């Protein structure tokens, strides 16, 4: 099933009560189509959103630490308790060490959370796939927030990522992101072999978020 | 007013539903005495705890970033929306850069959150005070979780911190922490000139958390 | 004595044999005037430069760790042995934690190295001064490499930094940086109360580095 | 050819003039046997050591940045200019992000330096191998500096690492480390399929470093 992952980042339009409103839009659009839309709010907003909508809610970050003396860290157990069902790991705006990524994936697995590891090129995609998360999401950093879709600017990074992952860890899904905004961007992303997309500013900063999201999913209806 | 700040860290005994239970204990003990007890749960637990108790709820960490593209960061705005009224900053288990600490304090101030900057010795206490947070909490790292109270092991670090802060920024309160567990530890901490304490494992890992907290506050009743 | 600190960064024009050439230019210009010019090459270049010139050679970074198991860290002892006589600490391109800055200053002091802590605004300047390094160098990050001198774009940050430092730690010198290139920039920096400047791209990327440096120091001859 | 990589860390016995002395011991022992011994001093010591001995000199760390505004970073170009012929990357005492490791390997390749990526378990070894450095060195962190050789405490981590690497990237060599001190430790490490070892405190803190190194290599003569 195609996965549409909407990263709320820390925009004003997706924080606090605005985050709940946006998650409800995701849920409505999701119920009108056969796509799975995942809301990815800030950690502090997870509990209230998970109580308000039925679509999956993921965290933007999780630390690979368990119970103990880890003040200020985000544990998989706390995310699970708040109602999350997965997490991004190693987003380009929150990079982690190699050992930390491995520990975060393991922590997600143990807590029953899905994991999406973000990467910046084909080589790091291959390395992330070797760690066997549920998904790898390749996003060229220079295209993030640019409005120029990766599927148009650098289609090869997607096809080569898909190829590399299938060879090393065929059970790992591949998403792509950076600059994805419109229905045709989503369509191309799937045509290039990915199983979904990672979105953010293109939807969140849109004048009419619902319309923008509807236009996006129209690309695959 | 004396401040008792209970850092929940990421212990099993203070995560998810256990965090709510523990916050209620803090509230009960608090209402029986004239002390202000602050609950400091993980970020994902703030919303549910702030809805369940009337005592102040602080975050264990806050990033000095605002609205925008800051995936995986903890913004003051999201904490405020979830019901927090303050945050620890630069805890020894979650150290920050100097510029980040300054930005976190500014972010708290703008969002209407109280700030407590943790430090490890007299020199860093002096530097933190120069940034004018609401409180500085000095905690010798080697005593954290040791069960040996700072007020006994190194009383001078408390008196010298108080002195230094009063000279540089008289409006900044001084807390002390590390190894504080019993009523006499709290008593000594206040006698040395601090305005409160930072607690964690001594209470959270106690067989009977409520009894442990009651015994602690008995030191100043 | 006015201090001209030339940060070599990692430019091609200031790495390896080019670094030695540039350090010799600094030495020549220095000997023609009464100013102290400090060369700040990459760590790997310190030994050869310290052997080639008589002006002070500083490191761009030092870690606050001592002898022991600290693979990949830059110790004050190794810098001293290589011929350095000081170090930048917490440059905006190599930020450190508050506790790390304090430890780096202490490590410099113990090894007999001078310390210059870089800061980004008046509040962090005040905090850094409280740690009592030899110098604080305030550099608004947005002006670094811009060619717009801090002394023109934001003179108040310099005067307020000088004031704040003199109140908290009168023995700490104040430098300013960011965008300093010409003689008049240096002149203004000193007029605003600073005791010297931190330079980089304005000199290093100049077509004729020697001429650029001569033009700069001409501002105070 | 079997590779003996001696990490000098930042011990007093391997800093400055002591580092040159130790590198000469490595050279002498190396010339008496058919093994390749690599000296890995601190960055500030590379230039003088590379001028004093003929054995390979590696850095303990390299950043994946090139020419430009990267104050305080260690560039491959500066290491090359100082006489290094390779570098450790991501040592457990100097961990890097996934994207940084990939960039560091690329920087080494471009500068003509060999790369050894350190890892902490089989999963991260597999991920590191996918990035195709020259070597991966697996070191269980809990055994580093313990005196308990990985080849005895956890032989499976070595055999499984070798297997995993050979499947993903057969041209990548596998080293193992942590607790390696004696001739029999080296012998076992090679029997388990590794192509060499990473050493540190066992040799550096020995009363007689030369004797300790001779005893070690005797295991494979």
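Which chain is which? They are A, B, C and D, in the order written, and residues in each are numbered from 1.
Convention: a contact is a pair of C-beta atoms (placed from the backbone, for glycine too) under 8 Å apart; a residue touches a chain by one contact, two chains touch by 3 or more.
In this text the structure is predicted, and so the values were computed from the model without any measurement.
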Contacts shared by subunit B with subunit D include exactly A, C
Matching A-B in over half of the residue-numbered contact pairs, the equivalent interface among C-D, A-D or B-C is C-D
Chain centres computed over CA atoms; the one at greatest distance from subunit B is chain D
For the copies subunit C and subunit D, the interface residues, called same if over half of the numbers are used by both and different if under half, are same
Expressed in whole Å, how far the mean CA point of subunit B lies from that of subunit C is 37
Subunit C to subunit D, mean C-alpha position gap in Å, rounds to 33
Here the gap between subunit A and subunit C, centre to centre from mean Cα coordinates and rounded to Å, is 42
Contacts with two or more other chains occur in subunit A at residues 92
Every chain pair meeting the touch definition is listed as A-B, A-D, B-C, C-D
As the complex stands, subunit B meets subunit C at residues 90, 92, 95-102, 119-121, 123-124, 126-132, 168
Subunit D partner, complex, touching residues on subunit C are 7, 9-12, 15-17, 42-48, 59-61, 65-75, 77-82, 84, 88, 91-94, 144-145, 200-201
